[in-house]
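Mind looking over this structure? Questions follow.
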Amino acid sequence: MNMVTTVAVAGASGYAGGELLRLLSNHPEFEVGAVTAHSSAGDKLGRHHPNLIGLAGRTLQPTTPDVLDGHDAVALALPHGASAEIAAAMSENTLVVDCGADHRLTDPDAWKQFYGTEHAGSWPYGLPELVHADGSKQRERLANARRIAVPGCNVTAVTLAMAPGLAAGVIAPTDIVAVLANGPSGAGKSLKTQLLASEILGAASPYAVGGGHRHIPEIEQNLALAAGAPISLSFTPTLVPMSRGILATVTAKLNNGVTSSDARSAWGKAYADEPFVHLLPEGQWPTTAATVGANTAHIQVTVDERAGRLVAVAAIDNLTKGTAGAAVQCMNLALGRPETLGLPTTGVAP
Amino acid sequence: MNMVTTVAVAGASGYAGGELLRLLSNHPEFEVGAVTAHSSAGDKLGRHHPNLIGLAGRTLQPTTPDVLDGHDAVALALPHGASAEIAAAMSENTLVVDCGADHRLTDPDAWKQFYGTEHAGSWPYGLPELVHADGSKQRERLANARRIAVPGCNVTAVTLAMAPGLAAGVIAPTDIVAVLANGPSGAGKSLKTQLLASEILGAASPYAVGGGHRHIPEIEQNLALAAGAPISLSFTPTLVPMSRGILATVTAKLNNGVTSSDARSAWGKAYADEPFVHLLPEGQWPTTAATVGANTAHIQVTVDERAGRLVAVAAIDNLTKGTAGAAVQCMNLALGRPETLGLPTTGVAP
Amino acid sequence: MNMVTTVAVAGASGYAGGELLRLLSNHPEFEVGAVTAHSSAGDKLGRHHPNLIGLAGRTLQPTTPDVLDGHDAVALALPHGASAEIAAAMSENTLVVDCGADHRLTDPDAWKQFYGTEHAGSWPYGLPELVHADGSKQRERLANARRIAVPGCNVTAVTLAMAPGLAAGVIAPTDIVAVLANGPSGAGKSLKTQLLASEILGAASPYAVGGGHRHIPEIEQNLALAAGAPISLSFTPTLVPMSRGILATVTAKLNNGVTSSDARSAWGKAYADEPFVHLLPEGQWPTTAATVGANTAHIQVTVDERAGRLVAVAAIDNLTKGTAGAAVQCMNLALGRPETLGLPTTGVAP
Amino acid sequence: MNMVTTVAVAGASGYAGGELLRLLSNHPEFEVGAVTAHSSAGDKLGRHHPNLIGLAGRTLQPTTPDVLDGHDAVALALPHGASAEIAAAMSENTLVVDCGADHRLTDPDAWKQFYGTEHAGSWPYGLPELVHADGSKQRERLANARRIAVPGCNVTAVTLAMAPGLAAGVIAPTDIVAVLANGPSGAGKSLKTQLLASEILGAASPYAVGGGHRHIPEIEQNLALAAGAPISLSFTPTLVPMSRGILATVTAKLNNGVTSSDARSAWGKAYADEPFVHLLPEGQWPTTAATVGANTAHIQVTVDERAGRLVAVAAIDNLTKGTAGAAVQCMNLALGRPETLGLPTTGVAP
């Protein structure tokens, strides 16, 4: 397939929408179609995303099925709860990629417990590099899909950090502990006091502590697929003063007799051929800066013999590999393009 | 005792030395005596610490016993390995407070394993709020002491976060996991590439991962005193782009039958009368910004029933409560002053 | 006067209000009275200012004359337009210090041009260190005042940078150019997209460019008092990613025959005895970090012979010397206390 | 010419070198050849630039003529003083693009005054968008060049901000004032205390104040070409806490009778067809964030009638349009490729 594919972006005024447009406008075979917003409909796009110089003159249209219909693909960057209705109105042949949470969870009870509403049904899950317990990868489930649920950004970081060790049986699934350093762009462009620059500059602060974060059931779902067994997870995100980036430090109990070399080889094997997920050379630890703007995850693992735990660290850009880059990667897969087409792998650092 | 106490500061050109001078110059009963440095001897102090406007014209003297002798108290802010010799040359009646690591560990083998040299011997340990298993507090060991080892900054954060739960028996000592967000001033003013602003701005990155950080045996020593039992600890610090601050997120396995209310009451009881350690109102989580420049630790705890873990978070300023404030607090105690004299409790925020 | 003075703070939930409370709670002769807010009335203060640990349990009352009446002093940290009515309801003997703009300008036309409403009348202007053309200082106008208008933060920085040179006749008043680097806390806690952390981290951006900023007539008013002649000013503030701080870089045409030594001596003479304004040693340039949390301005000047301009740079903390510290300094003066009482001069750095 | 061009990078361990490699590795018709360094020779490239995941395994070779010879092009990212000797050893047919200062100035006296050494001779100057007084653009001087001097980063920002107004005669050349906000990556990876993260986080501070910055004669040289007359410039750079970016706020006296509309049309006309320099829509001011990682300059101008000055603001990424992007743009021009080939125009924001 060589013809140009048109992609509409719903929710284009936000950070995830802006990142989708940045990537799509640099993609050699995709073309930006309608760009839509809710309260910002009617504005020029450049007012919201001055970095998108080539699209600055485009006018944001309202987010309605009429406007979105007729594209080859539609990317949704909407608050959760808003995508089911839109998706239902799109043709079955239109690829709909949802960056929101609505269709990620397979268990309606988990959805209800964490989101408090009725479940909208699950879609194929868009984390191609997820290792299953049977050795397969998630990307096999995405070819020719026409509905894809893009993972949450924290979920991508923690899942990529831990799945290989669970699939290889080197760590226990029962007591995983994840603490994350997060840039505030992951919380979107919402006008909340705790997201003001004055609150975040010079500050590190945790949120959703104690098991209430909505990404928890999604991580457990992924890691259970990797482990072939239920998961127990303690998860704490922390806001720090960088606009983009997630650094996930994840530890798990080592299974008996596992050496450091066993551990590294589990991750090395899982990611050897992955274009976007990299186990760093031994001794080099990830930094979020190295992934800024790239659809790349950097991973490192080691064994802490004193503590009896394996430590894995993953760094991603929450807006790229954590959201919009993953969405484009899934579009490539679903539409038969090379998986890496149009996606940057080199971060903008320093 | 109402007369003025003279305090010399060795290592005055660095960040810990500067913070000591900031606090001492605002202390109503202490007076800054000699200020010394190594390679910066001969410089005006204002060149290194432009914030210390009242001391800017002072000249840094060389760090020698001669210069330091004759003060009522001497605060050492030197690289580890440098304080034993200095201390030996000071009169027994002179209070020597060491912000370095040399005299913190009681176990010579732990010292040798983590520092690689012979142990210089241990001094009374300067964390007044440390709860022991027998219900006593560490401050009892500090009255009239003339040698005090000030704790490491990470150690203070993790110890204050966890000790009450161990002393009260609500959590298990065997599988504690701590992940920290750290401002780079904790690493001092060393000229290392990884401490350059261009490397740290926009970046979160872990260091000393996997059990090798030198603060680990010190945390274990403290928490073992609290638990009355050996400790197992996974510990990962993370550099983030704020100049000061430590946010420690620490989790431990809940003991059977412990409720959230039991947990909170353990911390509440331990810190109820502490002037510098505050259990925040339920639902409010610490932020490092609230502690900047203050000798204050903010703490919160909750129970994650899903994960079977207690989560405690502590925020401190690494240079104040984590180093120089603790040193002044110890001087107050050792010299019979009110423990809080001259020490700020309100952070400079936002 | 040795008795304790009670001070109420109106607008206590915002950043200026919080800084007033931080300073007042550390003041040896002032006591915090009522703390009031508008939409946050009823909240605990600690929810808005977790740094103010000693006042955290106080409840915010509504901002009404009834609540504020009966204190010795009232500090107003309200949006402009809100203070006239409150002040009118306070007793003439009550000291009212207004951190807002309403009573700063003496020219009703300038007020109307920049604020668009009727002028509320001018109050004695609270910048004690302002040098007048006749050699007097502004502090003489503040003794026993019962209404004081605290200067704008940008105004304080630019005025302190330039006034000595104008008063001494070393620079021309007709073509002054000021460009500022500003921390976002100067814009308050308003929920605006451009103040979100994601917008400000990693970004420098100007605002109110081209002569429209409301601080311009106030700077011109001050500098005209210094010069004894009308002023022409180009003024551009720039948001940068630090929570607090203003760095003002101000240049003016050198008058004929003025040497670098003449210039420095003008500033040196003006500020020699000032406790809060410091001309740095030759060759050392101000950094905002050195003034964080302090009621201090750091100043440096030099002559650029190639360009025929004098360059003066001033650094202040916008919330301390730029707002709340200045308010407390004025209270000290008006109430016959030592001008420096309770005010920090050492910044919290690094 | 469709064949692949090989490009060696000398000084590849630094920030400019890393940015060259980021851009070259994404360029469709250039291929990274030798990568060289001085003290880091022998290291793996990934140790210095973890973002360059595709080149991470490359070994840094020593910076010698032997290693660099034989490539189609050589990009030099070396300290000033180091490039003349290297360039002399390269074939005349090899394109040598120098990111250092050695060959930028045409006036040997200006070089000697600001750099203190003998001038190495000038090369064609690599700022394609520079408007000359005769209406021509600098790019005409670059076709088929085999030696090109890439402009300094501050120079690019100030020149692009001001040249159109000088060329069109709407502003006076005699009293230009430029103040810049600069990310520290412009100062390179040098180990200097003032570049440590602890010094720069939370701080704005000027440097090289008063006419001594080495970029001044280069700006004057450019603006004199635009004006057809000598220039007088006051120039002050300011370090602020963002890793990349320059925001230049530049003002100049308006010529008589010039309206705001005249001014805008001068800039509009100069940059209408430029792919990398954009006059923003009226009322929208540049932010550095919008240019991060892009070879783009964002410009806005307005007239301040009150002050009698025109204000122009330019935002660039100092490492991209300010250094490495400009180098690649020049290579494209000199080697007959489309000027925009392989160069990103959309910044990574937020």
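Order of writing sets the labels: A, B, C and D. Residues in every chain begin at 1.
Here is the rule we go by: contacts are C-beta pairs under 8 Å (C-beta built on N, C-alpha and C of every residue); 3 or more make two chains touch, one makes a residue touch a chain.
The chain lineup, named per UniProt: A, B, C, D = N-acetyl-gamma-glutamyl-phosphate reductase.
The structure presented is a predicted model; accordingly, all values stated were derived computationally and were not measured.
Following the contact convention of this document, B, C is the list of chains adjacent to both subunit A and subunit D. When every chain is reduced to the mean of its CA atoms, the largest separation from subunit B belongs to D.
Here the spacing of subunit A and subunit B, counted between their Cα centres, is 38 Å. Between the CA-based centres of subunit A and subunit C the separation comes to 45 Å, rounded to the whole angstrom.
Touching two or more other chains at once are residues 15, 185, 198-199, 201-202, 241-244, 286-287, 289, 292, 349-350 of subunit A.
Contacts from subunit D toward subunit A in the complex involve residues 15, 18, 22, 25-26, 44, 46-47, 49-54, 56, 185, 201-202, 243-244, 278, 280-281, 284, 286-287, 289-294, 296, 298, 344-350. Looking at the complex, you find that subunit B touches subunit D at residues 15, 183-185, 189, 191-193, 195-202, 241-243.
Those residues of subunit B lying in contact with subunit A across their complex are 175, 177, 179, 181, 198-199, 201-207, 209-211, 216, 232-236, 238, 240-245, 247, 249, 251, 253, 285-289, 292, 300, 302-309, 311, 313, 315, 349-350.
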